[in-house]
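Two complexes are shown next, each including chain A; its partner changes from chain B in the first to chain C in the second.
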Partner chain A sequence: MLRMWRVGLFSVLTLAAAPAHAFIAYVSNEKSNTVSVIDTDSWTVTKTIRVGQRPRGIDFTRDGKFVMVAVGDDDTIQVIDAKTQTVVDSLPSGPDPELFAQDAAGKILYVANENDNTVTVIDLEKRARLGDIQVGVEPEGMTISPDGKTLINTSETTNMAHFIDTSSRQIVANVLVDARPRFAEFKHDSSEVWVSSEIGGTVSIIDPRKHEVIGKVTFEIPGLRKEAIQPVGIGMTRDDKTAFIALGPANRIAVVDVATRKVTKYLLVGQRVWHMAFTPDEKYLLTTNGVSNDVSVIDVAAQKVIKTIQVGELPWGVTIAP
Partner chain B sequence: MIRWLAGLIGFGLAATSALAAEPALIGVGYLGVAATRSTLSLVEQPAENDGVAGARLAIEDNNTTGKFTGQRFSLEERRIKEGEDVAQAATALAEKNGFIIADLPADALLKVADALRERGTLLFNAGAIDERLREADCRANVIHTAPTRAMLADALGQYLVWKKWSRWLLVVGSHDEDKLFADALRRTATRFGAKIVQERTFEDKGGARRTDSGVTLIQRQMPVFTQQAPAYDVLVVADESEVFGGYLPYRTWDPRPVAGSAGLVPRSWDAAQDQWGAIQMQNRFFKLNSRRMTALDMQAWTAVRMIGEATSRTNSGDVRKVTDFIEGPDFSVAAFKGTRLTLRDWNLQLRQPILLVDGRMVISVSPQEGFLHQVSELDTLGYDRPESKCKLK
Partner chain C sequence: MKVWHLAAMAIALSGTAARAADPRYPDWPCTQAKVPEISLAAVWAGPPLDDVQNKWKDDARISALVAKLSARKTPLDKAEKSVKEFLAASGSDKTANAKLLFAGLFDTLNAQRSQVMNGLERVSRKQREAADKIREETLQLHALQGATPRDEARVEALSNELIWKTRIFEDRHKVVRFVCEVPTTIDQRLFALGRVIQQEME
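For the complex of A and B:
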């Protein structure tokens, strides 16, 4: 009897864990010191996980088993087990980690440490620190080229994108961009890197072979002063046709035609929109809206905001299970 | 002989290529006065390196960037003693430094500006908040990173009006600067629709700021000084001289908040400011200087960062080129205030948000919501282009 009950419970759990087309999103709430777990089927918060202080950068491990979240004020990256949805471990990240990037194999993690102008290299399996790379003042944005050979780090006060050779861990080029570069994103075909400048109000497009700025995306919203347009997060569709750019206190996501580098549409989302993540099927894009404490859900094909979900205070980053 | 000559030429070439690999040196001078002022509150007593400590941090920040751009920044500090010729000291400092950060009283700053005009040295006024330096006495070779009294007064006034504390009891000290700040506050009240219900003057009769039983006496004086006032919402105090302002909070006859030179104070920066990534800079500053960062530190930091921003963008340490870029339409600098800072091209004043602080927390940041402007909301603070009397030359 007991056994039967157990089997029954097990099958219910299994069913609940794998409904069709539902994904699980994790949102870091910078002020609440929590991570909100969102079910993309019901679009509801299913769990709120207590984490360390000031959670910001957040990403799934490549195998989808763990979520890493940088808790800057605790000088570490915490590891959440996606199955139990509890914090199970932490990584030796160096002081004040904010954003990080992992290589394609999911073995090496590169962490931007804002407080000491370095990028820390971590072996994810051994959970050990492999070394540091000296970069500019206040390193922030981090991304790796699709071939894994180049790491891009942006430094906010130096105003540069540093191109780092991942095998030698040496800087090979520095590209000056507009003020306070926050985020970098490669096109999937590796032909361009897009870097957002929060204070400069632009997105610089860099040729990663020539290390030159080859174009800029600019923004103009009628009735809104220029200073309020502060681009941060960037999301690019897999076909490299459309880019979505979060404009911070402009409370909008710019939809950009990648080929012409022109904004085709502005989508009104919540207040102070920072970062975003696509669902793996690329049907939806989730954005974190810091000041209104919510997440907007964008229907990617329709380019429309379809839903708003309340999360914790000052939602910052978002990642979705692969 | 020919061989010797060839050898010399060869040596010359080698020396040139060695020089080319050397970073470009960019000299920045810091000119201040040797004396520090006294404050009512012991915790606000400025450190000896107030201001220059901010410049030093910005030199470090610029040098981190300079590693990638082949530029190296140095800082040379000079403090003027009482009775010393400031123009002479500035000229000596300008020998090696194309840029000078000045923390000087208005008259001394004007002497320096005029003495250095022919040399082409670019001056940054990091200390003086006097309106006249941006108005009738403005100079084409002086950029102002310090805000003005009118900017500070407007920043405070916008908040008070937003809060609907629009009836002000204005209390003014008896020194010249106090009167200037009071002028600015009166202008603010007129602009934003606040009403000064009454003005009172607090005479400075001399006396020590620190005594062993001061509190007992002050506790009796301040309520008496503020009694029988017409109905008011907030006491606004103009006491830049630090004679009595700090005594007013919690001691007014009527239970009213205090703002201005004490209580809620408008400042370009504060040790408590941690928004917009400022925490990183506050940490860097503390690590370097073992103390917290003041408004003067920030004004000096911003000046040196403006130089660094322009040298990296122009890829040059040439003073003329850098000056043209800073004064040009494409210049802006990020300074942890949530928005880019730009120059008012009519008087070279840096536009900037102003923090309203109480000594422990940042209470608000102006411009306030709803104060609109056709060019930049930052121009709702201080004198705007149409009002300006400045003719740059």
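For the complex of A and C:
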């Protein structure tokens, strides 16, 4: 009897502990001008927040208190209070902000403004503009090196990855990649930068010290035309062993072995898969699927899609509370 | 005065319709890119369907279900539920039935999509002809208005005709923009149903 009690008590305790693993994901819906809030415990949309026009780039502040979302057609970045889940402020970006990156400390924000070929530098504490950096035509992808010293910005029209020194705010190198570079991601050990090319259909691997392309990931899906394979978002596990690459209208995520740079598996997710985010425990990866208007949940260890969640129209980006 | 305004608008509109984004498809009137056919690999990662081909047509139950699920009037959530129920009740035939059902949906929805796209291109050609006609008649009207002596009856008749033609042109233009969304809606349905079928097979 006593033993049964203990077992009972034990299971109650574990159940009670379960919600501690629940995270909150925010998804920007480009066409419906909303942000969907997803609870990763119930895998349901718990709130839909009205934001400005054409929300795309989205990210939590490092302290987890706010969510920043670039609303391109309103030429600003809105700030959502994660507690009240309402828009409380805005940040001074340039015209048509699409994507942004923040430094490790969460103090400085770099914003790619698609329309005026600049990257705006913003002080996050003061919420004030510090200056602009001139870059290539139609800046798109943005990432910052783990040590915070180098900012990478890709430009859609000139097909380059620009390496910017964050202290001097000057471009120190330009690396030519394949057509329409979209997104850049550093390996956690800083040894490589991966840049996806939407039209070129490849991911270029760049040595960030030598500023040279040292390898390429290519994709092949039987029965699918080359032009339907458009790499965009990239996610890498913390151990730098596995990369996940969103292939747009191929409706698949490619699972890549980072060491060999070869695709090991393709996962059918949703239509026009665009960006992704890991839960902080790295158990799950959430992808935004623009045409099927949903989010796929991938079990990272099993490399399997376990769930689909309907969100707003044209989901673009996703961020998960730290 | 009014007729001038309308005619100018019609010509401006026809310009938009005629400016095809993709040179391979000069008659394609939509801003959405034209993808002539959905490829199987874009929507299906399940077992090969080579052995299935047209066999779904021979199975009365499956072809009836395909017709029901393909109809736009069937709400997508209801359609997904029907797929689950059908496959759950299929027992040991589940994989075979799943393949047949998807092959049927793939053929039917792809055909439905082609029909809509052909219709859009046909209307787009008609619109171009209509725009040419409106442009031509506008010039004629201009000439009539400037002639001395002025034939008021003819000016009046031609003006009315132009107003009428322009109105038809504009209405069609609105309908085209609406119909341009339909191929995507069909893509979404095929993908969503395919995904449910694949999940049920696992």
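Observations on the model:
What we mean here is this: the second predicted complex is superposed on the first by the 304 of 322 C-alpha atoms of A that agree within 3 Å, B and C clash if a C-alpha of one lies under 4 Å from a C-alpha of the other, contacts with A are read in each partner's own complex, and residues count from 1 in each chain.
We adopt the following convention: a contact is a pair of C-beta atoms (placed from the backbone, for glycine too) under 8 Å apart; a residue touches a chain by one contact, two chains touch by 3 or more.
Remember, predicted model here, so these are calculated numbers, not experimental data.
Superposition model on chain A: chain B and chain C are shown in a clashing arrangement.
By the touch criterion defined above, A:N251 reaches chain C but does not reach chain B. After overlaying the two complexes on the shared chain, residue contacts for A:N115 are found with chain B alone; chain C is out of touch.
Contacts of A:I171 after superposition: chain B is touched, whereas chain C is not reached. Residue contacts after overlaying the shared chain place A:V45 against neither chain B nor chain C.
Touching more residues of chain A than its counterpart among chain B and chain C is B. In the superposition on chain A, contact is made by A:L268 with chain C only, not with chain B. Once the two complexes are overlaid on the shared chain, A:S292 sits against chain C while remaining clear of chain B. Contacts of A:L224 after superposition: chain C is touched, whereas chain B is not reached. Of the two partner chains placed by superposition, only chain B is touched by A:A179; chain C is not.
In the superposed three-chain arrangement, chain B is struck by just one stretch of chain C from 23-31, 59-67 or 95-103, namely 23-31. Shared contact residues of chain A with chain B and chain C: 225, 249. Chain C meets chain A in the complex at residues 39-45, 184, 187-188, 191-192, 195, 198.
Residues of chain A touching chain C in their complex: 221-225, 228, 249-252, 266, 268, 270-271, 291-293, 308.
Across the interface of their complex, chain B is touched by residues 96, 114-115, 117, 136-138, 155-160, 162, 171, 174, 176, 179-180, 198-201, 225, 227, 249 of chain A. Every residue of chain B that touches chain A in the complex is listed here, in rising order: 61, 64-65, 68-69, 277, 280-281, 283-284, 305, 309, 312-313, 332-334, 338-340, 376-378.
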